[in-house]
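Below you will find the structure I want to go over with you.
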Amino acid sequence: MDFIQVPSSYIFYLAAAITFVFLRDRTLRSVLLICVPIIALIQVWNLEIGNHHQVDFFNLQLELMRVDKLSKVFGLIFCLAAFLGNLYAWHVKDVVQQIATLVYTGSAIGAVFAGDLVSLFFYWEGTAIASVFLIWARRTEASYHTGMRYLLIQISSGVILLAGLAVQFHTTGSIAFEKMELSSLSSFLIFISFGIKCAFPLLHNWLQDSYPAATVTGTVILSSFTTKLAIYALARSFAGTEILIYIGAIMTLFPIFFAEIENDLRRVLAYSLNNQLGFMVVGIGVGTELALNGTASHAFAHILYKSLLFMSVGAVLFRTGTSKASELGGLYKTMPLSALCCLIGAASISAFPLFSGFVTKSLIMDATATEHYPVIWCVLVFASAGVLSHSGIKIPYFTFFAHDSGLRPKEAPINMLIAMFITSFLCVFLGVFPDTLYNILPYEVNYKPYTISHVISQLQLLCFALLAFTVIMKLGFHPPEIRAINLDSDWVYRKYLPSIMLRIINRLGSVNESTRSGLENKISSGEQILLNIFGPTANFARVFTNGVMILWIAVIFTGALAIVLF
Amino acid sequence: MEQVYLHFPILQVLIPLLLAPICVLVGRSTFSWLITFFGSVSSLVIAISLLHSVSDGSSISYHIGGWPPPIGIEYVVDSANAFLLVLVSGISTVVLLYARDQIKLEIDEENHTLFYTCYLLCLTGLLGVLITGDVFNVFVFLEISSLSTYVLVAQGAKRDKRALKAAFNYLIMGTVGATFFVIGVGFIYMATGTLNMFDIYERINDLESSRTVRASYAFIVIGMGLKLAMFPMHLWMPGAYTYAPTVVTTFLSATATKVSLYVLIRFTFSVFHFDFNFIEQVFKFLVMPLAIIAMFAMSFVAIFQKDIKRMLAYSSIAQIGYMLLGVSLLSSEGLTATFVNLFNHGITKATLFMSLGVLTLYSGKSFLSDVQGLGKKMPWISASFLIGGLSLVGIPGTAGFISKWLLVQATIEAGVPILALLIILSSLLAIVYIWKVIEHLYFMEPHSELASQKVSFRILIPLWILSISCLYWGFDTSLTVGTSDIAANNLFNNVIKLN
Amino acid sequence: MQHHLILKIVTKSIVGIILLFGLYVQFHGDYSPGGGFQAGVIFAAAFILYGIVMGLDKVQEVLPFWVVQKLAALGVLVYALTGVFSLFMGFNYLDYSAFSPHHPEHGQHWGILVVELGVGITVTGVIVCIYYCFASRTPHLDDGEW
Amino acid sequence: MNDNNKKLKETTNPVGSILFGWLDHRHSTRIIIGTLSVSCFVLLLVDFVYHRHGHFMIEEVPGFFALYGFLMFSLIILGATTLRYFVKRREDYYGTKAVDSDMTENKK
């Protein structure tokens, strides 16, 4: 069975090539897009543990198929997510998006099975480059700029990874993608690189910036892969690194507040995504078998319910043209099925018993408790209440209920509904039969989520939080949904640094300032300086007479002669 | 005659040389093309078989006229020049495949025969420079190639009369360069009394302090610097590349400067001793700084160009900076990187110029606005430009990445990681100017009056051969890196194993 | 030059002598001063003199432009084929011993002679060609031409 | 008014009226709040009947989760409101380079 051992990413790349070359028929393309993840899913399911596919590159041996239980579980959920996302995107006609999706998902799955840092790097950059097209596919100026920012950050993550890998190779001669200690320069660089993709605090803002900018279907795809790939990489390399616990704890905390006041619902979900990543990072930091199981299972469940939420908000955006809470409300009348799915997603993410979040998050919570991190545990409980506040209540409530916006859109298209139903079903299924999920986790699980204590405490937490919400709404203290944006740390590089740069440039350059105003013009003044030095009419690029050229030669020759003779 | 392969070194040069006058005698456009193509293909076949027989690191020596080396002219093939022989004849073949259609549009019918003749002579010259082991012979072949190049560049005059001025500038500069070079060769002869490279190598050993020898090296560096467009002696190049016919630009950009660089390397390693103190000084204080300035200054200049051909020409000067940087590390790794770079940049630039030529086939101008929106109308050609562009930038998975990677490694090995940083930084500049073209190709609306043009397969096939090779050499590095490694080691240790 | 009768007469008589002298230089080049290049120049000089005195049209009747072009190519071909001949005889390229394998000295002699002939033809062709090009140059270019 | 109601009826999805039709009832809000309050009360009572086991002592304090949930939720709202005071900006703050203003224009 050699066929079954070829890298799964090849299947996706091949499909991308076929799509690019042959398929002019839209339906065929959509069918292909759905079939490919299924084929990959079957392949990954049947993979045996071991290293299967080696390639020689320079003098390095690349491991393209390192299959163990950790990579397998991520491989499975990635294939599943690709299938659901593509089903949801059945109606899309845009070839660019379809190819980007295939390459992107293929790279993500390839990265999961990469057994060394070099191939990881290739796939890492592959996800970056392919995914940006999902943002650009919206084809507006704003999405172009957002995509550029996204690409810049993603590429730098790859470049830092490359630097780390180069340093590691230089010092140890190994390119193995294995567990490492956060002690050397190389591991530190690799850690930062993973951290960027994983949206560590202060490195996170690309996430909230770009996800709301992608297309309706693009965001669903985007939400599943990049960050979870980073989670996988961290779990692989830095399990048990204590600093991750604190980083993760902060990650669970700060997005809550931002999400609460954010108006764009897809950005709310992006913040919520960040917060959920925090739980997983804490699990990695704790690093025990229980915690790593928690991380893997939480990633699994999270991909499903986060896709579901993005799908339902996406369906609303698709039908109404906006995803802003201030513009929406009362949609349950005409989009009841989407509303139902959204509620299921919300229940899952808030970890109501019988939904998937409940059976996975508690693994991580339990691990922190067992390892005696009381403060972290309290933070996580707090964050759970936070999750309820923005994802559990805010998303469904302001989209589908709340005050009636007067919008009466049609129900979501049938393909979207099917995708949402399947995802909802999986969310509930995993919540009711957690053992199905527990069986494929990296380590053996002896954990029973449905104990009376656990169910009651969780229900208490959630119900009282809901009660608090009701009280606050009644009292009118809830921050109103208004059309506004909120600054995040990306303000530093989007506004602050450019203005400082310009001040410096203006000091240096003698540019006529009186005629210019506004930041944009000032940036172009920097360009003007470059233009004055290097532009077509500047000395560097001018065409001189032969005499001048000869003079240059004489100068250089004199220099050479001086160097040689003395 | 029974053992033809023994004569391959001379046949390599002889076939195009012999076919050139035949071309003139025949005097028909189509026949000339056929003859030229035949010559180029047979050169390629010979070059490949030569490369194959020296791929174990050995070398082949051929004595012209049966006179043994120090007296007669000797042709030497080792992995260094065999590798470039394959590049030159290979590019020439691919370029010729598509030259037929392009030439019809760009050059008057009555000049076709002479065009092909000059093309063959240029090919002869380039191959001769590579293969000969005699310093004066290098000069002769250099002049054969240069003189025919001037004519080839001037053929752009049908489209743009400025081609004449560009060719004239090139003529002046090229001649000055050749003069410097021949003076250098004269000095060497004065000091050693021999013209055979390997003989000089033996004799020059004790002459490190000789001022004649030192001055000769300065002359040769400047002479070759001019020919290979080393910053700031590049001034002939943007004009020549911009106004020459596309076929010529494609061919020259991929071969001419590379061959000159080879000469510089050959002289540094196989004629002089690279560990001479003054040679180290030249590279350290002259070549390396100039290379670094070229990498940045010329990339910036390229960013601001509106004419894509000119932009690519400036980019070539910047790329030459990378190659010179590799050489000036004076290490085996650096030399390997340079050889790989020679090859990969050759095919990359050929892809770019060729696809650009087809994109602007009908508009005749290569300004950014002329290719606007062609991404939709000419998807195959735009895609190949895209591939070439990615390779130029050095995106992983393309040939360009391999050469940059090796160069970065070499700088780190040499203990100057700051250079690695500079290389990466200047690559970012390449992204900017390539992006400008991509943006115009794919993200802008086409001019409405430009109807969709059918492009024949005769153009598409060679173009895609090049594009795919750009990708292929990004994956399979056994030939490029392997051969370069052997070549660099041979040069570095001056091992010429004659069989 | 229409009225310079003396010049014309002298030219007509002298051209033949120049050509003869050219042939002498050509074929004695191997052991006395001279050779293909000098002979070629002398040959070309004869035609150029004729052209200067009689006019471009007259000389091109004798030696049309296309012939000159082909001559230039032909000479190179002769040179190259000499080398190819020795290849075919089983020697190295340009190894003149091939012309007379048993008496290599004679072979060298013959080889030089043939090669020099090639050089002579090419040089004649090229020099005359250059003269034609300059002499037939458009005297004035309009603005539109540029 | 009547017309408007009719129009609403027409556009309402039949599945919607089965699933969420009861929401349109006059007392729906009261029903929801009532149910919530009752279940909260019951859950709180359970704590006094059933002794919970946890890793930390504090977990075993009756009503801990209830109190914690209620207070923390209020804290989040409070914190968020405060945060908004500092970070709120107009939608077109980043100009054409962010999607937020993009959507605004689409609306127009």
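Lettered A, B, C and D in written order, each chain numbered from 1.
In the analysis below, a residue touches a chain if its C-beta (ideal position, glycine included) is under 8 Å from a C-beta of that chain, and two chains touch if they have at least 3 such contacts.
Nothing here was measured: the structure is a model prediction, and the numbers come from that model.
A.B. asks: More contacting C-beta pairs: B-C or A-D?
C.D. replies: Pair with the higher count of C-beta contacts: A-D.
A.B. asks: Just the number, please: Cα centre separation of subunit A and subunit D in whole Å.
C.D. replies: Centre-to-centre distance between subunit A and subunit D: 26 Å.
A.B. asks: Let me have the rounded angstrom distance from the C-alpha centre of subunit B over to the C-alpha centre of subunit C, please.
C.D. replies: Using C-alpha averages as centres, the distance is 35 Å.
A.B. asks: Roughly how many whole angstrom separate the Cα centroids of subunit A and subunit C?
C.D. replies: A distance of 78 Å separates the two centres.
A.B. asks: Return the distance between the CA-based centres of subunit B and subunit D, expressed in whole Å.
C.D. replies: So the centroids are 69 Å from each other.
A.B. asks: Listing for subunit C: what residues touch at least two other chains?
C.D. replies: If we look for residues of subunit C contacting two or more partner chains, we find none.
A.B. asks: Classify the inter-chain contact topology: is it line, ring, star, complete, or other?
C.D. replies: It is a line, because the chains touch in a row without closing up.
A.B. asks: Along subunit B, where are the residues that touch subunit C in the complex?
C.D. replies: Spelled out, the residues of subunit B in touch with subunit C are 1-2, 7, 10, 14, 17-18, 20-25, 27, 62-66, 117, 161.
A.B. asks: Give every residue of subunit C touching subunit B within the complex, in rising order.
C.D. replies: Subunit C residues touching subunit B: 69-70, 72-77, 80-81, 83-84, 87-97, 146.
A.B. asks: Any idea which subunit A residues touch subunit D in the complex?
C.D. replies: Those residues of subunit A that touch subunit D are 138, 140-143, 145-146, 209, 212-213, 256-258, 260-261, 264, 321-324, 327, 332-337, 339-340, 366, 369-370, 372, 374, 377, 381-382, 385-386, 388-389, 401, 408, 411, 451-453, 456-470, 472, 477-479, 483-488, 494-495, 520.
A.B. asks: For a test of understanding, state which residues of subunit A touch subunit B in their complex under the given definition.
C.D. replies: 57-58, 121-122, 125, 144, 159, 166, 170, 530-531, 533-536, 538, 540-541, 543-544, 546, 549-550, 552-553, 556-557, 559-561, 563-565
A.B. asks: Residues of subunit D touching subunit A in their complex?
C.D. replies: 8, 11-13, 15-16, 18-20, 23, 33, 36-37, 39-40, 43-44, 46-47, 50, 52-56, 59, 63-74, 76-81, 83-84, 86-91, 93-104, 106-107
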